[in-house]
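In the part that follows, the structures are each spelled out as structure tokens.
Presented sequentially are two complexes of chain A, the first with chain B as partner and the second with chain C.
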Partner chain A sequence: MSTNSANGEANSSLLGRLRSPFEGPNTIGESRGFWVGFLVAVAALVVYPVFGDGSQLSLFMILALLGLSLSLVWGYSGVLSFGQVVFFGIGAYTFGVVSINFATPGGITAAVVAGIVGGGVSAAILGYFMFYGGVRDVYVTIITLVSTIVMHTFMAQTAGSEWAIGEAALGGFNGMPDIPLLTLGVEGASYQFIYNPFPMRIIGIGAFEISPFYYLVLVLLVGTYLALRVLVNSDYGRVMVAIREDEDRTEMFGYNVTRVKFIVFTLGGALAGLSGVLYAARNVYIDPTVFSLLFATLPVIWVSIGGRKSLLGAAVATLAVEYLRISMAGELALVLLGTLLLVTILVLPDGVVPWVHQRIVTARIGPGEDNGPNVPETSSEVSD
Partner chain B sequence: MVNGINLALQFLDSFAFIVLAAAGLAIIFGIMGVINLAHGEFILIGAYTTTLAATQLGLPLVVAMVVGGVVTGVFGIITERVIISGAWPNWVSQRTLGRDVIEPLYDRLADSMVATFGLSLILTQGARIRFGNSIDQISTPFGAISYGSFSYSTYRIVLAGVSIGLLVATYYLFTRTDFGMRARATIQDKETAQAMGVNTDRMYMLTFGIGSALAGLTGALFAPVISMQPTLGDQFLVEAFVAVVVGGPSVVLGTALSGGVLGAILAVFSNLYGTFIGRIALLVAALIALRFLPEGITGFIEQVQKRRQESE
Partner chain C sequence: MSDTETESETDSLGPNVRQTAAELATGDRTETLLQTDGLVKQFGGFTATDDVDFSVDEGELRCLIGPNGAGKSTLLNLITGTYEASDGSIYYNGHDITDLDPHQRVSRGISMKFQVPSVYGDLSVRENVRLPVQQFADGEERRRLVAEAIEAAGLTGYEDVAAAQLSHGQQQQLEIGMAAALEPDLLLLDEPVAGLDVAEREAIAERIMRLNEEQGIAFIVIEHDTDFVASIAEEVTVLHNGEVFREGPIEEIESDPEVQRIYLGGES
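Moving on to the complex of A and B:
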């Protein structure tokens, strides 16, 4: 990984060695300035609940995890999936069902794990079915889209009392209320994250309450982002990107393309499942709207606007678009969202964040050198 | 016996619904490599235009339907010029900025999907703001036929006839006319077609217009039998995509075959277990079909033909 010091910084320094697993050609941001900015942004998120609505931002950060899962699957491996919300919803429902049946701290902790596993396993089943069946490209997209609609149709008619798993009634369109409060740990040594604010007092600002759930989500989001950076900059990540760029050629080089896609899809499903668990835990409620066509397309919108080949873009755009969507309440909200989407994809097909990054790099090194040696020039590729 | 007639009528109904829902989408997807997620909203435009032309302007129903198709076709051409090919914005930007701002969306499947989804959001919400949550519906013409203790809307049977007529007309247009030959040449090899003197730009524009007009006509034809809401396009979208994908690369034949197969499954399962199971059966059948025929029905037929030729 010695190719990472694009700016000629000493790689042997402690900081350089610490940073190197997170950097590479597959993610943007490999300068000291980027990491300083990153720490500032995380610090801003840490103190945000003091000034703003932390409960709302925690929802956006949960959805950012869903955006990251799509960025991994679509942006890095080239599999456009409309089905991330399927795994999201299955994660959420699994969490709900297990935790309602075993409403003890240990049971709820197990429910979290069950939700993540549920998301991963459902993705593995669908992925096995598709990738080992030779389904490719846009057909994968259509199958995932159809799966979403199947789930929506199915969950919407589970209103009857026969649709209950143990004590948990699925509830059809009315959804599943009364999901137990998220508590992690075992009996005797557990901590409740929801509705358990601890009061704080800072001189000059006054008294306020902060929610431990917000920090749980923040830690998970930052941790996931960094872990995914390590993954996409590893050798495995390079294979993923190779598959995105040219599937047949990667196969020719002897990589098991089908298996890589299968594993990445499963991983993306588990991540979406985690996001769904947190979503259900935050709302203490889950209903079939998570499988609706609009919700299924939202991840695609976030990732397209932010830049699908950029993890940072996916996360930032999720926060920004969701904030816009909530704050533009009223009739015109959807019109503006649609216009934003349309203009972004037409004018900046690679997304906003990579475009901003390109501007910054050009401003610093000057034009002509903005494509470093690590960035393959797509237009110079030999066409087949 | 009565049940047999029921089943046959339900099959005709499902067949017409699937074929009409898919026709416009199949042309745009199969020929231009553009996934039009606003397809449902094109149907919406056709349905609303027809309804408003009939109720507000008092036009006869058939004329109103033609108006619905034409208006949607024109809207499709504008969409193609502004969004899909970006020709008009680029014409402006060439003169102001000196460069193109939009790269055409042809064969950029994912991007075209996202862009047209934005368009669909705008259109649905725009319709809701302008016309409210529903508008008055036209009454279903022709009355009903009755047999035994059952009765069935005649209009539904007319729809089945119209859908077959549309398939034949589209097939004729794309395989037997000069326009069809140019259009198919453009799809097969754009550069060569250009070298042979085909105006490929115009071909794309017209093809998109025809696809849109077909979607509009679908909306127009279904206007008397579905409720007029801004989200009415959604109910067509799923069947349309499933039929197009199951149909495979040969546009008209594929739509007809998948309409037949999926229509039969929908009719049988709806008849036996109710519409909900029917719908689920349709989607599951599509999943299974894609698993075993990744190229769709017509792709499979082509493969079989090729294999037979090789073995001879």
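Moving on to the complex of A and C:
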């Protein structure tokens, strides 16, 4: 476990103080080099739509928010949930229902909030009964998986005209089309983010259009990532990690473990709800496939491959795995996913990104010095 | 600490707690810190503790001995709230805590070191100690308390070492330090010297005595090693088949032929 500014050796420079809340033992990256690399990566994402398919990347970034929600719940708090897609889907459907019924800028803005709240509240309800009911460990995983199946089965049979909420027909497997274009603000002071390309011209490149929705998603992803870094490196984040490592020990330090798990699960549900809102807004459509077992499994695969104890790992792996999956398509993509998951679990159980980070750290400090933290001279006494 | 509860104090008094209404009114504390009243724990058809009446005074250092399966760890887990009592009551500082959750009991001043060293292996020594301290201290005070706890555990210089890299004895010291960092009134230690060599046992014994004498922390220590018990204990309680079999000074307990028969394997 390395030391950092949060350990009481705060960097006195302005940059050090700015970085301090984002750094700690619970996240990768505490060096100036990391933050330079982070800024370069964000800059690359900013200019990417000029050269590539920003629409597809926006989808991957939306899913990265879903990956981050699982990293928070599973990676940092030890609650393996197969139910993140339930909150994702509820967020998406809530956004669809509210925005269809209130198709004004103010109504659509409220629908965004409703979708996030919907994801959070549904997670809170499920989490309350699980955690305050004494359910823990693998039984939480089973219940969340069953919740996904229940939601998929339920939504699949909503094709009849009786399954409508106001103007919004749930539509069963036909889905819910005609979701209004994402517009934030109120009447007279609003901005439409979908199908509203912004014309640009750069000398040497020429004229092109950029999607404001892409940048909205980028800002939300980067903002969420940084906010979660602050959370997991805070006192509260330290308790989350302690619960992941040993629930009983943490309870005996006076922490209300049940309440912490409930709050984190709810927060993860709200984050998944935000992801669902953006997913439905991007596609202007939602259907029950978001509750399918395959989709429920994907976040677990992203986070496992990237490194469940790493926010960066969850985000990067979601982008990379989804790029591979969409590029290959069909059955071969599923075989690739399974292979990637198996290889990661067997060879790199902590995930690819932490492994890469460790290699970089090793290369920077030199071989032979990468045996973890420095053990005092009396190290012979600590090796029994 | 958080999660304090209010309750009817007169209703919560245990039957044998030496506390009067006048003492309650003036806020005077009793000598009895912890008392169990007819405590029973059943696992299916097996009775692990049976009608246990047991008490510990403020600042007392009491050892709990008995053969395997006597119900020692079960009793500690009942006191901490890890196990729910099948019957009976637990009173702490005169208040009924039988129905409180473990974290609520910790907030009342009960702390515990588990039988198997239960430190956070991936976290550094500093991070381990900071976890209990961060609840009631911040900034410079937190840093000071963490440093003091690490020094008291004899782990100065190991602050940034992952706890998993420490020896078994150092992990025991670290966990006692973490439990003591909560500044409890009662510290429960489940076999704190199991698997340690002589020097490490002496260090742990010295640590317990110092915490008891200097900070006034009361202890309940489960231990099989009677030499270790004799080195620290004022009073000893012998559990057998889930019941309190004997109580008294260690000299009397050690020479009791019935205790030798059921616990030490000797002939009466």
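Note that in this section the second predicted complex is superposed on the first by the 355 of 384 C-alpha atoms of A that agree within 3 Å, B and C clash if a C-alpha of one lies under 4 Å from a C-alpha of the other, contacts with A are read in each partner's own complex, and residues count from 1 in each chain.
The criterion applied here is as follows: a contact is a pair of C-beta atoms (placed from the backbone, for glycine too) under 8 Å apart; a residue touches a chain by one contact, two chains touch by 3 or more.
These numbers were taken from a predicted model, which means no experiment stands behind them.
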item	value
First (chain B), second (chain C), both or neither touched by A:239	second
Touching partner for A:209 - first (chain B), second (chain C), both, neither	neither
Touching partner for A:53 - first (chain B), second (chain C), both, neither	neither
Chain B versus chain C as contact partner of A:167, first or second or both or neither	neither
First, second, both or neither for A:178, with chain B first and chain C second	neither
Overlap of chain C and chain B interfaces on chain A (superposed complexes)	none
Residues of chain A touching chain C in the complex	1-3, 7-8, 25, 235, 238-239, 241-242, 245-246, 248-258, 372-376, 378, 381-384
Complex contact set, residues of chain A against chain B	74, 80, 129-130, 133-139, 141-143, 145-147, 149-150, 153-154, 157, 293, 297, 300-301, 304, 331-335, 337-342, 345-347, 349
Chain C residues touching chain A - in the complex, by the definition given at the top	1-3, 80, 82, 101-103, 106-107, 111-112, 114, 118-124, 126-127, 130-132, 134-135, 143, 157-158, 160-162, 165-168, 170, 178-179, 182
Interface residues, chain B side, partner chain A - complex	35, 37, 83, 86, 89, 101-103, 105, 108-111, 113-115, 117-122, 124-126, 128-129, 234, 237-238, 241-242, 245, 276, 279-280, 283-284, 286-287, 290-292, 294
